[in-house]
Amino acid sequence: MKLAHLSWPEVAAISRETVVLVPTGSLEQHGPHLPLFTDSLLVTRVAEEVEARCSDEVLLTPTLWLGASGHHLAFPGTLSASFSGYEEALTQVILSLKRHGFHRFFVLNGHGGNTELNGIALRKLKEADPSLTLGHSGYFAFIGELVGKTLTGPLKEIRHACEAEASLMLHLFPELVRQEKLRDDGLRPSGDLRGMVHLFDEITEQGSYGFATLATAEKGKILYDAAVAGCVEQMRALAAGYTLDSIVKDPT
Amino acid sequence: MKLAHLSWPEVAAISRETVVLVPTGSLEQHGPHLPLFTDSLLVTRVAEEVEARCSDEVLLTPTLWLGASGHHLAFPGTLSASFSGYEEALTQVILSLKRHGFHRFFVLNGHGGNTELNGIALRKLKEADPSLTLGHSGYFAFIGELVGKTLTGPLKEIRHACEAEASLMLHLFPELVRQEKLRDDGLRPSGDLRGMVHLFDEITEQGSYGFATLATAEKGKILYDAAVAGCVEQMRALAAGYTLDSIVKDPT
Amino acid sequence: MKLAHLSWPEVAAISRETVVLVPTGSLEQHGPHLPLFTDSLLVTRVAEEVEARCSDEVLLTPTLWLGASGHHLAFPGTLSASFSGYEEALTQVILSLKRHGFHRFFVLNGHGGNTELNGIALRKLKEADPSLTLGHSGYFAFIGELVGKTLTGPLKEIRHACEAEASLMLHLFPELVRQEKLRDDGLRPSGDLRGMVHLFDEITEQGSYGFATLATAEKGKILYDAAVAGCVEQMRALAAGYTLDSIVKDPT
Amino acid sequence: MKLAHLSWPEVAAISRETVVLVPTGSLEQHGPHLPLFTDSLLVTRVAEEVEARCSDEVLLTPTLWLGASGHHLAFPGTLSASFSGYEEALTQVILSLKRHGFHRFFVLNGHGGNTELNGIALRKLKEADPSLTLGHSGYFAFIGELVGKTLTGPLKEIRHACEAEASLMLHLFPELVRQEKLRDDGLRPSGDLRGMVHLFDEITEQGSYGFATLATAEKGKILYDAAVAGCVEQMRALAAGYTLDSIVKDPT
Amino acid sequence: MKLAHLSWPEVAAISRETVVLVPTGSLEQHGPHLPLFTDSLLVTRVAEEVEARCSDEVLLTPTLWLGASGHHLAFPGTLSASFSGYEEALTQVILSLKRHGFHRFFVLNGHGGNTELNGIALRKLKEADPSLTLGHSGYFAFIGELVGKTLTGPLKEIRHACEAEASLMLHLFPELVRQEKLRDDGLRPSGDLRGMVHLFDEITEQGSYGFATLATAEKGKILYDAAVAGCVEQMRALAAGYTLDSIVKDPT
Amino acid sequence: MKLAHLSWPEVAAISRETVVLVPTGSLEQHGPHLPLFTDSLLVTRVAEEVEARCSDEVLLTPTLWLGASGHHLAFPGTLSASFSGYEEALTQVILSLKRHGFHRFFVLNGHGGNTELNGIALRKLKEADPSLTLGHSGYFAFIGELVGKTLTGPLKEIRHACEAEASLMLHLFPELVRQEKLRDDGLRPSGDLRGMVHLFDEITEQGSYGFATLATAEKGKILYDAAVAGCVEQMRALAAGYTLDSIVKDPT
């Protein structure tokens, strides 16, 4: 069910065991080859497909498209929420629906810069009301091992406007890909440094990180189908309820 | 130009005299006959049409759809930003583009509950940087006297899920109108009280305020065309620049 | 009753149906002819007269004189609260008295720059506790059509240190009016622009907006009497309680 | 000079070496015998007398009458700012005048509950701009040893609605003293406990702390004159400028 | 009992009448002769000794060592919390233990710059929950008259890296005192100014205030023993509970 | 160099290329077998050893021991900072030293609950000042593959009061381990759910997660040595400076 299109009496009639699915994206530079809205377009499409497949169990909100993108602000056109503003928006969406009796929420993220804030927002909500069921993940995390198997470039993970994201865009929104501008880009620290914090104008030349020239619509379809399938499975598990079992063989 | 679909080098190439158009909406109850997303759908459609007509002079951002709707929260499905969260989101959109050199901004509002906050956000931005050109208005304000002439019910203004909004929806999104549920609703203080603050569950029976049973697609078209025309005119005036002239005949 | 002059056991004895009247003003430039405290002086005088006329029904607090005047800060002597600080002060006055059992509050405003914040403060309070009766208005709004009929200059409304405000000051505080400095002032956008946000050093030459040279004490008396009468009427209606009635002829 | 009564061009003409005097008070219970506005009335009267005596060297603002009075909120009628709201108001008054070029500020306090916040507000301002000259003190601190000599009751200091405050009120505002209600009150911890934090409903029976039955207008006059004289001396020293000299006899 | 070394089931078993002792310090410049951690080292040592002497009645937390030291930031190495950050840390320590059922708290302070904030933090907590028993004091305040009797220099009080603090360090941490760098320092306003707010780079030449060259370990021992003894007495009084008695001889 | 023990002139003399090392810990329940201070004790010991080994290149601050531990608050004794308070403390430590000219900072974390906040704090600092070199990591992350090889239980990672943490404590602080209370504990969601947010009283029976009964001092030594060695390497690389190199073979 798409929340945006329902009327309030229709929402009043929905089961409160329904899983609320909240997509989070960004409007930020994606190199010379992809549009600023890439993250929001992709996560929205995945979320809509998930909703279509398990419509009875999922209540889909519109995408929170204004992400935490301060590390991309050196590139024109990027919009960024403040950290606290982003967190506040997500929190209020959940609190609003909690007031209406919903208690299962899953945040489906399309932008790495939101991940830490999604975690913190949900931790605060959980600490304030332990009865809530809360989870969050990037849609890309549902793809799992298929990422490494599908990508042919030297980078076996999803980064930014990379082989994977460009492939997804070629599959889903080919008209928005500047094919002639696809480029490989990315800088990394010499040595093996752990946990350094960088801006994207430091670690790229033109904003993308990865091997976008290798992108194809076929790879995009594989990744997309896997993301949707994984997320559908999670939604169904959440809607069914789940228990917590001991990791100890014979706990006393 | 639609910001969402541009790449960053394309934004880099835009004239900084361009007027940035930021639509603001809501996701809140609109009675039993209209969808929760009514405000966001309408303001987005108006803004897109404005952008289509003066594409060279306007840079359109996605709609900030999470509005200040706390007065509707008694009705299931309504989402509301916090007051400060809403203001923060709008502020950061403008500050992001100001960083990229844009200095003319117009906020086109689709939800009355946002109006005061739009004013405060822009005042803060203006006080912090007087060189900015900033304005805001409801799209409905551009319709002007036509509202009173077009509506046939006793309420000669746009309220909430009323004759006007239902007409606009019938014109633009007829598939989302629950025709059989259209109803008249609304309560007002006895006597002639000024400035009382009410929640919508106090001043309506089922969430709408006005005479929605009188709505027609024809009225909707008249209102829509007027809103678009008025907003286009304002965009062009802003893009051309404007001066401030004395109201005194012979100022010394 | 004037809260400031009561002792706590006297407050303890007051009916909790009493309407608390909270005046809000400013200390900001009012051109070369009026003192900085103009708004606070006027709203306080109106409020005190209202209290004098319906003393049993009204509990008057001191005036919150530090207003939101950032748009006047280019002129020496202007003091401005921060937006949040202003809102916080008003909110805490109401919350303090709510703790003591009062539940009817009316904010009487003397400074346009406070209007949006008064609205937001009351909306937050109302959303947090729907049982409160809350309202706000400028004292000038109670004057109604008499403004246009009384003013003889081309501007038929109350702006800033204008024909109306200077007249009120000549009526109530003639010793504080610099008669020889009265001047007409004000700039407006060419064309018919809607909703532009300006600072007062942009839209005036010396800080006032309107035709102050036309001010007279007689006009001031007319405006003052009307403001007081209108506000008295509102206080009595609030103290009597009021109902909300359907706008629909035969609601079902 | 009284800021409230000046026009902006008059403020523009003042020497920026002038000392800005900011009185801070409260509206809080003062037992059954004194009005809620006692602190604000007293500090305002002292400040106005100081301004009258050294008018050229002092620019007096209106009194910030909404104090930090949460520890009195159990008594009806008490209004309290939030801690942060109080601090914000004081800060913005100083920042507004700093913007206009003033750099010497003295906060004259009439309510003990404000003291810590006055200190913190000024420390923040000083850390942000070390060029400012900032100071704060209770008006009562200027009375010095005369307090102990003047009071005849067992409590040789100024507390709350006590012998000293009631005497000051009898001297300055006798019509606001409920003579027949004057009472002695106050509770203290058994033993010799240091630094315990209490509410006034814990440490008094009816809100006052001290021996108000011993109050006389004569004592009030002595205390008042001393407070004014001490504060005048400080204002003149600040207006003259002051140096910092080594406490070491022969510093190297 | 030292909280840090307990396990949670051990804390679960403690009497909730136990007094929680929270030491607060700083990491800030202490002249050329003392280490940055002086305040934290001293208050921690006092607190540990107090805990050792009345272990059954006291639950000691680790020292909040990041103090409010903005007035020392001109000297390299000084760390300062923000004012609000410091207050928040102290508040959360107390709220955490309040959640576990403890209700008696005493904050033992080692840094003058924290005093106002300790007061404000405790006032907020007390206003929010009047059932709490809360107190705070500098450890130095427990020394009382012995300070004046012990110090031989012209300054008969504890200031900063002065005769007293240097003596305490010589007694407790002699290896951290740069003996050859001990120096006398300090500047004060000419005249007799009250309440002026200064930074330490204004009122010292090299960061210390007082006559450190007169420091001896013997003086340090006297001061230390007195501080510990006074604090132990307070802890025992708090653990025993205390009553509030009228200051009026025959209260009615 | 240990910042706490230096005097300010000594800090003034340090090279500004020095890497500032900031350890972050917690005071939270660690099951029935480990003390509340476990995280802070471990990360402090690692950091001190790292400082000892590359003392010229590292400036060590005291440990920020008050962590974000809200998910453990159901267990008595746990203290938790607020999320914003924790972030503020870390931020101010870095800003203080940045004011003194240092620009390389590494946060060494000992508590998983701090990780997201460390990331966000550093991102904000980096966005505000791109010239800073900033990084953060858990000390445990430096152990790398050795974790899996060293642990003999079924859980091949470091969780909470688990085989790894108990081993580290047995190696470094054996007197604080309640050997007879060591226990295996932990619950996990049925199915393969991704990203669910839980409190520790939901996912454990008595607070620990993992197989602590398998802990030995020998394993602890292996893990500790690896953590120290990895962190030393990182400190040296940071102190030497590092470059960013293209991931593209022949970038154009």
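All chains are identified by letter, namely A, B, C, D, E and F, in their written order; residue positions are counted from 1 within each chain.
One rule holds in what follows: contacts are C-beta pairs under 8 Å (C-beta built on N, C-alpha and C of every residue); 3 or more make two chains touch, one makes a residue touch a chain.
This structure is a prediction, so every number in the text was calculated from the model and none was measured.
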Keeping to the contact definition above, tell me which chains border both chain A and chain E. F
Least step count from chain C to chain F, where 1 means the two chains touch: 3
For chain A paired with chain C, centre-to-centre distance based on mean C-alpha positions, whole Å: 49
Centroid distance [mean C-alpha coordinates] between chain F and chain E, Å: 29
So which stretches of chain D touch two or more other chains? 73
Touch-based graph of the chains, sorted into line, ring, star, complete or other: ring
Chain A - residues contacting chain B, complex: 3-12, 27, 29-37, 40, 61-62, 64-66, 73, 75-82, 84-85, 88-89, 92-93, 96-97, 99-101, 176, 178, 181, 206-207
What does chain A use to touch chain F in their complex? 70-71, 73, 83, 106, 116-117, 119-120, 122-124, 126-127, 130, 133-137, 141-142, 154-155, 184-191, 193-199, 202-203, 205, 209, 211, 230, 234, 237-238, 242-248, 251
